[in-house]
């Protein structure tokens, strides 16, 4: 068993590189407020986690302890899907034992979290933000949307799923929400990329500059990356790399980078970056 | 009962507590989270340092197994030059003893890394030699699985430093006692055991190995019984102090290793659950010893007793 | 998709399924619970049989570790005479192939046990040689950690039987591929890997080792990555079929071992959760292969592919 | 995960020796009916487990799966404390992770059991039955008591605990129940052995032949064994030996036997017997 800690232990984070400030993260015993089905296969977990809630930024994640015993051994990284006063929201899909354990949590239970972790989205001043979330990849996208909405910045959200039952918002393109479904049961039939193409043709026919933010399955991210590179559109992608620690200690979450001409300050982190402290958000152009 | 956790590892090194963080699981020491009270730690062992910066292996590098973790990081590190230039100065002030882990793919590389660090006359506690590296000159055979190589590598490094020199043993051998005696014969001040156990996993859905390198190193609670057996054997084979590690996750585990013959321990994979876990374990150890009415870890009866 | 699980291990042995129960974890075969459909099993490997009955080690003999089990049973068994008299006749009728596991503390003992069984011209599938036994004549060194001993023991037994002869390898060696080649060189028809990993535990409250013998053998899911690595190495070292075991607990695990190069597998510790687990795993394996659109286990791509 | 099984799979048991009949045991997904505190440190779990309930005999046990994952790995043996129609009762104490997990079970949850296992009490026709249960060792004693009561056989129950709060019956010696407490807070002050001495002096002064049945902590069992040997009183003891399987496969639960002069049929089981199939109930005289 991990040695018990006080309910909130401040832990200053590892620095991403020597020049960057050292981010703070916390170990917090968060109280479960609700844990409910959001849509087919998607669960929403609301947690009272004041330290993490007040320090978090869109695109960051928490690392969730899912077992008292030693099997499974590792925490499970989960993007923060939104915050409220003292509260964070996670959206998760059951894919194995850890997420299955999470789905049994009841209001009042305690969840042992480390966070907020990682480097989140950068929101450039120019370009119209188009937010693209596929499947459970919607979580960091929704948090970014909350942030943009609070800042009064107009944007467009494109959400993809296989079928209507997996959606929890309505298809309202004029209100800034486009849904796509593989089976055509709601919104645009096809993938997120079809949704993006449709958006560009019908809602952004003038071709004004866009700024893309994507999270979702590998095929979607690869498609976005190709498009962004081909058309030179600014694009950030949030990756889900397997992690052992989440705070830069294990070097396990390496992400291959496109070779760069100039010599890097840390040559050992030029070819591979670490998803947990250099990411999970990367610019599409720097990824291999 | 007042418990003193002060621990000497031979005549060259005294630790505030018999608990260190293990190489490769706690960064370089100066980059530890600020709220980890480094002063409470016995020592921090750095990530293994090589002559040149290493990118490490391509992903995937880690994979979870029952109560265990497989890794094939590939010694990703900043290299000795940057280490000396940018880390070493800060390490004098972190409040904890720092032990620098050294790795290489030839004897010359180990020697060069150690000499470069020694040339800075650094304020460190000493060195841990990671012998679980393939010896390129000898066709890729690990230093740590061969008695003669272990002894001559140890002697070579011994001649280069008067500081505390600890050799970290690999468990992937027929007789770890033999290797331990070779390192002792080569002049090591202490031995640490164990490094990771060779392992492998496959994703049954895709049929792909779960690590890019196919084979990797297993750590975590799954290997604790293996590590404990190794420490027990090593402690019987040599006269110098033994530092135990492998799956240690709480104060009970620390007690197990001390009873098996270790003079101190290291915490590895458990840091990934909480970077402050070693500090918490030290506090819990103090409480446990007090509860048992013991004044010091050395009062714990050994298993032979 | 019609899935056929029939598996040949060389020319001498055909199994209904590539899944057996492991030695020491499933009795003698005739004493299996009636509701276990023995006919569905590839084979039952008996408890290891020695020349004389053995009482085994004093308690405690078992101890639980993270995702693992430590044991030091000490080869408690009824001895070859009683085995031949009271068990062998029944074993012809249990509906499953029976592989008799043989152990000894000298080459003569192995040879004698095998000869006594051969003299009954039994209706069995063959033998598994448990070489993880201390060789009393050689000062207690295990047969299975030495290439020369492994080869000559295998050859000695090879000369005594034309039946299927499988040598069970110990993981507690520097290079399991070397030992595998020795057993192949001695004439083994197949190899099984792995036996238990040397381990130890201590009860931190009392300071006592959790096994009477102090050191024991670790089994269960904790060792699965170690076993998988061993099977992968052995399959690359030899031409004869390899039977994988170590922590296998479900159909996914079976697939992992087949992909690592095993032709069949054995289920050990998992039987303790449910004596019918091997039968359930075979059914689940059939379903999984059908789901993958494969006609036979041999259609699984190897990890090298 | 253990491969799923039908909710009830009949599994014929390993034979204790060649001449004995092969006992049947079952893997049953029992439904939790209630799980409540019985006394300080003691919990009572009632399970709907029809197959096991109808096959069980006093002194037998079930082997309880406490984890979905692989840590802890082994089932936990628990004596059956009583049966009703289709129902079995367990009484347990939280001493580690397995029993802690059991304590979280709610009515409606499923518990994966193997049972009934082991060889229970033999009730000889002669001798006045005195049942001695110390601490959580009360479970198999209560089941025996239920059996004797149903058969209309008079008997006396002596229960020991440290203090009154750990008791859940009243001290009613005339009604056949003697309590003991280490601190004297209820019943006879002292140990179970003091309770037995008191019973013999005050309730059985004629010294009629007794038949003792004991279960409890090692010190209590050792005391009973000494007394039984010294005074040649028939005495059976239920042991709690660590077990990996519970049905004779692992040979892990060995119990050292007193050397016997005559050669045993199974010489490999003369020095050590197996608690799970030769016991858990042994005659005091055969134990080392």
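As written, the chain order gives the labels A, B, C and D, with residue 1 at the start of each chain.
As a working rule, a residue touches a chain if its C-beta (ideal position, glycine included) is under 8 Å from a C-beta of that chain, and two chains touch if they have at least 3 such contacts.
On a predicted model such as this, the values are computed, not experimentally measured, just so you know.
**Q** Give me the set of chains touching chain A intersected with the set touching chain C.
**A** For chain A paired with chain C, the chains in contact with each are B, D, in label order.
**Q** Please state whether A-B or B-D has more C-beta contact pairs across its interface.
**A** A-B
**Q** Measuring centre to centre with CA averages, how many angstrom lie between chain C and chain D?
**A** Between these chains, centre-to-centre, one finds 35 Å.
**Q** Give, as an integer number of Å, the spacing between the C-alpha centres of chain D and chain B.
**A** 47
**Q** Give the residues of chain C touching no fewer than two other chains, as numbers and ranges.
**A** Residues 66-68, 220-222 of chain C touch two or more partner chains.
**Q** When you check chain D against every other chain, which residues touch at least two of them?
**A** Expected reply: 69-72.
**Q** Taking the touch definition from the header, please name the shape of the chain graph: line, ring, star, complete or other.
**A** Shape = complete; every chain linked to every other.
**Q** Contact residues on chain A for chain B in the complex?
**A** 1-5, 9-15, 18, 22, 24-25, 27, 65, 69-75, 114, 241-256, 266-268, 270-272
**Q** Sort out for me which residues of chain D touch chain A in the complex.
**A** Checking each residue of chain D against chain A gives 67-72, 97.
**Q** Touching chain A in the complex: which residues of chain C?
**A** Within the complex, chain C touches chain A at residues 66-67, 221.
**Q** Once bound in the complex, which stretches of chain B touch chain C?
**A** Answer in residue numbers: 65-68, 70, 145, 172-174, 197-202, 204, 207-209, 214-215, 218, 220-226, 228-229, 232, 247, 252-253, 255-256, 259-260, 300-303, 305.
**Q** Which residues of chain B touch chain A once you look at their complex with the stated criterion?
**A** Against chain A, the touching part of chain B is residues 24-27, 31-36, 53-56, 58-64, 66-69, 71, 73, 76-79, 82, 86, 220-222, 249-251, 269-277, 280-281, 283-284.
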